[in-house]
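One chain, subunit A, links the two complexes that follow: it is found with subunit B in the first and with subunit C in the second.
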Partner chain A sequence: MNNKTAEIDRQKRSIGLKASARISNTIIYILLVIISFIWLLPFIFIVLQSFRCEVTGPVGYVTPKVWGLDNYKRLLECNFKTWYLNTFIIALCVAVLQTIIVLCMSYTLSRFRFKMRGGLMRFMLILGMFPGMLTMIILYRVLKDLGLTQANAVPGLILVYVASSGMGYYVSKGFFDTIPKSLDEAARVDGATRAQVLTKIILPLAKPIVIYTILTAFMAPWGDFVFARYIAFGTSSGYNVAVGMFDWLSKDQIGSWYTTFCAGGVIVALPVTILFMCLQKYYVEGVTGGAVKG
Partner chain B sequence: MASVKLTKVQKIYDNNVVAVHDFDLDIKDKEFVVFVGPSGCGKSTTLRMIAGLEEISGGTVEIDGEVVNDLQPKDRGIAMVFQNYALYPHMTVYDNIAFSLRLQKVPEDVIYEKVTHAADILGITQYLMRKPRALSGGQRQRVAIGRAMVRDSKVFLMDEPLSNLDAKLRNQMRAEIILLIVIMKDGYIMQVGTPEECFDMPANLFVAEFIGAPKMNIMKTQLLKENGKYFVTPFGAKIEVTGEKGRILAEKNTPAGEIILGVRPEHMVLADANDPSAIPATLEVNEMMGSELHLHVFTEDGTRLIVRVPTIGLSSEERESLVNGKKMAVSFEGKVMHFFNPETEENMLL
Partner chain C sequence: MKRYSDLEYLRLGKWERFVYKLQSFFVAIPKKLWQLILSIGRFFKKIGLGIAKEFTDIWLTFKDGDWKTKTSYLVMGFGNIARGQVLRGILFLLFEIVFIGYMVLPQGGAYWLSKLGSLGDQGPHKEMVQKYGQWVETSVPGDNSFRILLYGVLTIFFIIAFIYTWRLNVKQNKIAEGILKSGKPLRSGKDDLHSLVDDQFHKTLLALPLTGILIFTVLPIVFMVLVAFTNYDAEHDGLNNLFTWVGMDNFNTMFNWTAGGKSYSAAFGEILTWTLIWAFFATFTNYFLGMLVAMMINKKGINLKKLWRTVLVMTIAIPQFISLLYVSKMFAKNGLINLSLINLGWIQTGQELPFWEDPTWARITVILINIWIGIPYLMLIATGILMNIPADLYESARIDGANPVQQFTKITLPYMLFITGPYLLTSFTGNMNNFNVIYLLTGGGPTNASISTGGAAVGHTDLLITWLFKITMEGGNKYYMASVVGILVFLVVAVISLVVYGLLPSIKNEEDFQ
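And now, the complex of A and B:
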């Protein structure tokens, strides 16, 4: 008898638990839906605007009256192609170079012990505290002397973005530190060189961090505006998308370019969105993996 | 297999801590050498210097007559089993074992043969496609051994290879494989010898206490010399030094004086209180170990001694009489003593 009542008690309690979990989950989901709706609103708005064909300027309503692809066609006819290509080349080069530099740097700082290692790390930490904007003037002068501004802004920008990338070693170094050193040693005894240790042992184990590094390296130049505008300095052939499209919003152009701007925004967002959707799983793992363990 | 020779090998860390002092050791082909010592005595450091994972601060390491100080681990022809196995977690057991062969660009069919052969010997064939995390500790260890096996290396290094076997298997392994032991303390070699040598003739007090369980009994006492015969006088008893030990003392013409006397617990016996060789003592703890009793006793001045008594020699009445606090007498024979210099703690017979 006693057993039975205890069993019933337990069931009641578990039902209570389930019910309360369901209620709190419901509240959380409703909240999340509201937040994501608010967050998505501008994107929906831009997408809708990009299909609007009746007027090219900003209007006071959301849904287009005449739907069409006119704005996208117009993108193909103007300088947008050049800008897009510029941005893509810059982002791709930076993603590759910066990833290589960051991972090598992290591996070195995580695995090698050399004189002034601590000093170097502290120095980079302090250097990283200065806003990058401070260097803008001198960078411009240097790049101008090298002939890497205006029409040659693409290699100039790649140089700027890649140059300081070694300083972004924190997250990946922290992750590498969590990989036991004896794995390196075992591999070295097994006949691997230091480089092979990195490529065959460390990187496969640090996959989330590698993907995180690639993503951030790609994203930063993809959306950069300040440096890009400064270094291209009014020469349309050296613009990236953000700089080029910004001009469409100026007072005298907005009336004829606003919807095209929206179409451009959609096109710009597309590759990043796809990239994120493919790598999202690793990205989340990477951020938490490095942060928690590092 | 090959010979390994260490000459005055030193390890000094950046903070000037000396981990290994002038380490001299000559290991011949096919010799099986074991380093023992308390933790932090430099065993692993020495091993890692041989492997090339740790820089050698001084001296030379030779493998097959070739100085390997400046060679990378991969060029030294060594295989090593790590204490924590260090299996590559992202690879299957097969890939773990095949890793070194793949780096050497060995053809896949040869790799397959070698890996399956090693797996067969180690009994891990059915786990070849698993990742290390799906294996038990013992299985992981076998994979680590397999990884070292397939390399056909000249020198085989193992860091704490027995630490994860259960106690019974460990003792059996020890008995079967150990040929030469190197006893280390604070980076110094204390003694190199066969287990028997180290047990029967420990070079110093440290080795005497380190080898053998329970620990050797240590007594501060006087060595007397009467009519060419030697006597020790622990705790009022008077025991003649006989046998080989007595002969060596006489040959060396050892002067009488203060000594440190060591007697192993298994050489201690229960004695008649009236015997002149009896040491009066009080039983503190009677530890039943199955085939033997470990009697922890203390003498009048509080020195603790351990007496190992085989259970088989005692009647049940005798056994039951051994209650804590019992007054009793212990003794030992004249031929089982060890003598250490009280200052240097070196064995006086060596």
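And now, the complex of A and C:
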């Protein structure tokens, strides 16, 4: 008898728990749907407005009254092609060169114990506390002396992005730290040089972090705005997409270029987003690893 | 303040514990600062002693060395060549020749150094020049302050490199003598080359990255720090009108309190306060809300986990200038939100919500939109860490009768805070310098009319970093003031980092959670 009531009691309680779990899950579902909407809505708006043909300025509704590809045609007619190509070239070069530099730096700092190591890392930490914005003025003057500004801004930008990229070694160093050192030592005992250890043993294991570095390096130039504008100022053929499209939303141009900005945004975001979604796994790995390592 | 022993501490109530911890945090700050000063002192003492040691060593090497060593003091690499290490010797010698050549050339190191004290004596001026047999007055370009400062700094770098190499050359002679005395052979040039891919491989790997950092980061920073002590601006551009050293004048301008509300100090105080408020809210709203979203997605029994996560992650991929600019226009006076509210009849034309026009509205909107930008990152980070919390911790908590709230405050939150302590610190300083969000959303506006510095306008949402940018771009391009602001930003970030870093639990006792 006692047993039975206890059994019933337990069943009741578990039903109660299930019910409360169902309620809380429902609330969570509702919240998640709302969150997804808030996060996606602006992008849905951009896509919808890029097809709007009746008015080119900002309006108080989202769905176009006249659908069409006018805005995309307009992109082809203006300098947008040049900007797009510029950005693409920059992103590609930076992705390759920056990855090489970051890997050299992080691998060395993770694996070698040389005399200046601690001092070097501390020095770079302190350097990182200076606002980079400050160095823009002098970098511009130096690049100008080298003839790498205005119309030639593309190589100039690549040079500057790549040259200082060694400072961002933290995430990949954290990754290298997790590869056991005994692997290196075993190979060294077998007579491999340090260079061979890197190319034959570590690099194949480091694929996730290599892809993460390439991905972030490729994505950064698409959004750089301040420095690119300072370097290319006034010469449309040296702009990247961010600099070029920024002016479309200025007070005197927004009336006629707003929807074109939306179309341009779609064209810029599409390839980057697709690439990002394909390699999402590696990005997530890098970001979480980086935060835990600090 | 009374210090409790461990046992006394455990007897305290929850609130008393919190107060006690808070007190000990603030009590520890002066001690931390004092330790910081001490460690800086120790650092200089170490350097002083090191230099003294180097000098004695240089002298002893000279005294005890043979004639090959002694010659090397003048002709670098001579000892190496004489002892058969030709490759090294030639490299040393080559470096010496290049250095001396650079220093004595007409427009070389010595020239730039000699001008560095004045940053140029003469701007563009008229001179009598002989043309076609006649003396004609012509304009000739004068000195260029910008180049003098730049090449002056470069030359100093070069001299330091030379002294280092020279010291290396002396040291090598001593080592070589020692090896020969013990009867062993010296390393050949071939060995040297091989060691570059083997036990000296780090030098090969670091050569390129460090050169890049030296030229494109260190040199510009040194240059810009020096600019804070000059009067370099649009008027004194260094070419048409030379600029020169002004000592601490710019710092005095910055900290001049006498001018009331119309001074740099007032602007700096105002902007620094907002920068700290902004960094605090931007960091912690993102942190807790991101954690909340991550916990909702990861909760047992929630389906389509991958979909929710993908939706959020996707927004990371879209370049910020598109999303931020678009959202900024959405909230504008004639933007989507206000126009659709008018269309709906909820507000009248002329009563638009002042998202960017009113200081308080603008500040709150900026923080809210930053949440929109930041949560996806935090969701990713939190997901990674939450999955690493051992499940049996929760299980035993549940058996002990802990409700979800208790589980969160007793397990999840401490664990997260412990692991992400350093991340919180870097994201705080990162937010202080979050140029993109502020500049693309508000451009620093609305303008703060009560403050004017005579230079660039000061806005209500301006961070130090956007203010710095504005000073550089507007109102007579006062580069020297921008440089002063930059140095102050550095100091603020450095002090916050050092003080907080020492107080982080994950640094103090690394083994606690393992």
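Quick note on the criterion: the second predicted complex is superposed on the first by the 251 of 294 C-alpha atoms of A that agree within 3 Å, B and C clash if a C-alpha of one lies under 4 Å from a C-alpha of the other, contacts with A are read in each partner's own complex, and residues count from 1 in each chain.
The rule is simple: contacts are C-beta pairs under 8 Å (C-beta built on N, C-alpha and C of every residue); 3 or more make two chains touch, one makes a residue touch a chain.
Small disclaimer: the values here were computed from a predicted structure and weren't measured.
Touch counts on subunit A: comparing subunit C and subunit B, the chain ahead is C.
In the superposed pair of complexes, A:Glu185 makes contact with subunit B only, with no contact to subunit C. By the touch criterion defined above, A:Thr193 reaches both subunit B and subunit C. Of the two partner chains, neither subunit B nor subunit C is touched by A:Leu146. Once chain A of one complex is fitted onto chain A of the other, the partner contacts of A:Pro204 are limited to subunit B, with no touch recorded for subunit C.
Shared contact residues on subunit A (touching subunit B in one structure, subunit C in the other): 193. Residues of subunit A that touch subunit C in their complex: 21, 25, 28-29, 31-32, 35-36, 38-40, 42-43, 45-46, 58-62, 101-102, 104-105, 107-108, 112, 114, 124, 126-127, 129-131, 133-139, 141-142, 159-160, 162-167, 193-195, 198, 219, 222-223, 225-226, 242, 245-246, 249, 254, 258, 261-262, 265, 268-269, 272-273, 275-277, 280, 283-284, 287-289, 291-292, 294. Subunit B makes touch with subunit A in their complex at residues 48, 51-53, 72-74, 78-80, 82-84, 86-90, 99-100, 103-104, 147, 151. Those residues of subunit C that touch subunit A in the complex are listed here as 146, 150, 194, 197-199, 201-202, 204-206, 208-210, 212-213, 215-218, 220-221, 223-224, 293, 296-297, 299, 301-302, 308, 310-323, 325-327, 329-330, 332, 334-336, 338-343, 372, 375-377, 380-381, 383-385, 419-423, 426, 429, 433, 435-436, 439-440, 464-465, 468-469, 472, 479, 482-483, 486, 489-490, 493-494, 497, 506.
Contact residues of subunit A toward subunit B in the complex are 180, 182-183, 185-193, 196, 200-201, 204-205.
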